[in-house]
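In what follows, structures are represented as structure tokens.
What follows is a pair of complexes built around chain A, which joins chain B in one and chain C in the other.
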Partner chain A sequence: MSSELVFYIAMVLFLISVFGLFVSADIVSVFIAYQLMTAAAIINFLNFSVYMETGQLWIKVFLIIGLLTIYLLAFVVFFYIYSNTETLERKTIIKDHRLFRLEKSDWWGEDNI
Partner chain B sequence: MSIESQKIIETMQYISFASLVISGIAVFFIPNLKRKIVLLFLLFVSTMMISYVFYSGILIFIVSLSFIFVFALLHLLTVQLSHYGRGSPLLPSDAGPPHSRIITARIINIIIPILLCTGLGYLIYKLIGGYFPADDGVHEIFIIGMEEISGIIFTRYNIIIFLLVAAALISFIWFTVILMTGRKNKGEYNK
Partner chain C sequence: MVFISDIIERLDPYTGIIVLAFAALITIFAGFSKNNGIKIFIILVSALSYAAAFYLIIYSFIEYGPRDGFLTSISLPELILSCIILFIGLNVLFFISVSRFREDSFIRIVILLTFSLIPVLSLIMADNMIFIFTAFALTILSIFTLISSLDREIAGSGEAIGKFGIRTILPITLIFLGFSVLIGAGGAKNLSGYGGIESAADPLLLVSVVVFACAFYFYFFLYPFQGPYLKIVRRISGGAISVLWFLYMPAGIILLIKFNRFFDSFIEKNNIYAFTIITVFAFINLFGAAVGAIRAISLKRILSMFLLFEIGTMVLARSAGSLGMTSCRFASYYDLTVLIIILIVFLPLQLLIMLLEKNTGKDIIAGTRGLAYKNIYIGICVIIIFLWWIAANIYVFPFEEFISGSGPMSHGPGGLILFIGYIIVLLLMAVNIFRMILVFFKKLPETGGPKNYAVPRIFYAYISVFVLLALSISILIIIGKMDIGQDHLRIWSSSFDIFSSGN
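Up next, the complex of A and B:
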């Protein structure tokens, strides 16, 4: 596969993850969107590491250290959520975590209360 | 490298990219949380397959160790969350907004991100197009091993500093979480 095609596939994955961040409501989907973004970054790094003459080793060491840090951070965040949620709070966690929410009232100035 | 090996690697690349894109799109339209976790695992397997076909198989062994812990914890969280169902309204049905309005809001919520992502993609395509030189896909292969990684870590000190800073940050967050959880549990037991 040519490097350009691989780059465009990584771009599509990144755009899917951005779409997912806007659309998804619950925290699991948001994490999956971040995971997709990470996958797009990994593909780009590996793509350029294969097609570059120098610096291949640096890119791979950076990838390993960076990914370890990202997953350890994700582990801490999930541990915090898992250990600090009460039975009633779980309903609110699952309900809404989207980045922005468009409703008629946001544009028309309607009062919801 | 022989032509057969190149073909096999190219086919593996196509398969893993296709599974990444398909499961990446499907994961946002499946309502069941457990299915989402299965698709997340598929995403991870595809990513690791890609790292393998890009001659970086060492990523599989090192990164998977940390991902397994994250995945196990996320699975536990999902099992607990899915117990309550998803999308169930907290308010009674007569108190909420009308059904047609909810549908309109959902459609707007999907259409606007699609337009945004399409515009962004078109912009990147226009700006990047022609940057890459003509490429036949045949290159000198460099397979990284544990020896090279340990060699570069023990000779360059900036990586050690980065590792120490990352470890300090993660430990700080970790101990904060543990202390907060401990205090909360203690408060509950004392009630």
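Up next, the complex of A and C:
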């Protein structure tokens, strides 16, 4: 499989994740979209490391450290959301995590607290 | 002394970070204490460690000068940014001490603040891409932890903080993806390896630039993605807002300064397309913030829109760069200046709205009604800061490029659009400020109006420092422009030259 084809596959994964982020309102779907984006990055890292004469170890170290920090952040946010929402509210809050909702109050006037 | 110099030499350039880590280690032992004396001791230890880190960073730079390593690169901009971050740390510590001293979790919050400063300082000096990414991700992580800890007991903030947290993962993931593509464009381990104009023709570099630009746009919550930011600002307390405005936003500006070198090579290469896209997004943000603030009544919301406006001017500076009006170095200089403007204007204003909210129980613009009569000194100081802010935006933006040469058309229709558009948004922002000043001079209602504008005495000193700083910068610029006085007084008029030479 050529390097270009692998890169295109990674970019398709990235575009699917962007679509998921814009469309989905469920927190689990949002996190899956992040996983797809991370998977696209992993594919790119490994793809380019194959064709490099030097620095392969450096790329692998970057990959491992990068993944660790991203998953740590995702875990902290996910833990915060689950530990701070009451059981009764949880279903409504988890279903209402659309990232890019356009509301009139964000542009003009006040939002209701 | 020789022994201390030897230790500093061995620890260089991590001396500041090690001092902060040592302070955090000491304070951890008192993490669960509720004793007021220990709380004061922790404040003193933290403040002294910030001051010591401040001194050591300057001392190292004077002693060893600019230096490059495998992981780090230190020159004049890094020195200035490190000092700014430590200054911010001291201010946020002051804000938290004012608002949260009586709480049981106070010491743990101070520990988290010290922990947050460590990755930010690492990010400033980082040059290797692994170090940059890790420091940035840990910065976001520690800031999120700090904000969520500050508002743990405030009802209604949990959902907004959760949504904010989910949004902060996106820029990190995008930057990770951007780095993965960037490595394919050249294989260099440092960002400086991609700065050449020749590499701008690489399609992989183009993809990575677009991904990075999106990451920054999402990171700063610029229009039209401002929703979670505007929501969280109204729902969290003053201490958490200070972390959001003065640690989260500056961390993004610091990373942007790092990326400028290779952003600019791309912008200069692809001027017309880059100009169109950047200008559209810049004006969406500037108009959105300026118009949105006109109708807003919450002070926190108005100031948060003002902050978005200030960050939007950074996008507009890139637009001017894509027309060839400014040089590559100017973008970094402009970002640094915006960071300083944000601190001088928003630090005292944020503390003031925090105190007014505490006194009046309201976070509305009507809560400042009659401020100019009831507390004349504070009223005058706030008006000076607002006017200075508008003047600083006019001074810093490269207006002279529009009117030099053959006039406003010297850079074609694009230059004219930028010129007229920026004048209009500045006028809109002036209307916002005039509206706020007008409320200060409105007479208080007979009954039902806010009566208590008393602020602690220390706030008079605090706001005076910032007003004097703003006024002295203005006077030094005027002296420099008029070419009078001693050479060292003209520093502010030629600050860009000094910045460029030290970069």
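Quick note on the criterion: the second predicted complex is superposed on the first by the 100 of 113 C-alpha atoms of A that agree within 3 Å, B and C clash if a C-alpha of one lies under 4 Å from a C-alpha of the other, contacts with A are read in each partner's own complex, and residues count from 1 in each chain.
By our rule, contacts are C-beta pairs under 8 Å (C-beta built on N, C-alpha and C of every residue); 3 or more make two chains touch, one makes a residue touch a chain.
Since this is a predicted model, take the numbers as computed values, not measurements.
*Asks:* Taking the superposition on A as described, I'd like to know which of chain B and chain C A:E4 touches: first, second, both or neither.
*Replies:* After superposition on chain A, A:E4 lies in contact with chain B alone.
*Asks:* Tell me which partner A:V30 touches in the superposition: chain B (first), chain C (second), both or neither.
*Replies:* second
*Asks:* Return first, second, both or neither, reflecting whether A:W58 touches chain B, chain C, both chains, or no partner chain.
*Replies:* both
*Asks:* Could you let me know whether more residues of chain A are touched by chain B or by chain C?
*Replies:* B
*Asks:* Identify the partner contact of A:A41: answer first if only chain B is touched, second if only chain C is, both if each is, neither if none is.
*Replies:* second
*Asks:* Where on chain A do the contacts with chain B and the contacts with chain C coincide?
*Replies:* In the superposed arrangement, which is not itself an observed complex, chain A uses residues 7, 11, 38, 42, 47, 49, 58, 61, 65, 69, 72-74, 76, 80-81, 84-85, 93, 101-103 for both chain B and chain C.
*Asks:* Would you pull the chain A residues touching chain C in the complex into a rising list?
*Replies:* Contact set of chain A toward chain C: 7, 10-11, 14, 21, 27, 30, 34, 37-38, 40-42, 44-45, 47-49, 52, 54-55, 58-59, 61-62, 65-66, 69-70, 72-74, 76-77, 80-81, 84-85, 93, 97, 99-103, 106-111, 113.
*Asks:* So in the complex, which bits of chain A are touching chain B?
*Replies:* Against chain B, the touching part of chain A is residues 1-4, 6-9, 11-13, 15-20, 22-24, 26, 28-29, 31-33, 35-36, 38-39, 42-43, 46-47, 49-51, 56-58, 60-61, 63-65, 67-69, 71-76, 78-85, 90-91, 93-95, 98, 101-104, 112.
*Asks:* Tell me, which parts of chain C touch chain A in their complex?
*Replies:* Answer in residue numbers: 129-130, 133-134, 137-138, 140-141, 144-145, 148, 156, 158-159, 161-163, 165-170, 172-174, 176-177, 179-181, 183-184, 187, 189, 207, 224-228, 230-231, 234-235, 288, 291-292, 295-298, 301.
*Asks:* Using the touch definition up top, name the residues of chain B that touch chain A in the complex.
*Replies:* Within the complex, chain B touches chain A at residues 10, 13-14, 17, 20-21, 24-25, 27-28, 33, 36-37, 39-40, 43-44, 46-47, 50-51, 54-56, 58-59, 62-63, 66-67, 69-70, 73-74, 76-78, 80-81, 84, 86, 90, 97, 101, 104-105, 108-110, 112-114, 116-117, 120-121, 124-125, 128, 132, 135-137, 139, 142, 144, 148-149, 152-153, 159, 162-163, 166, 170, 173-174, 177, 180-181, 184.
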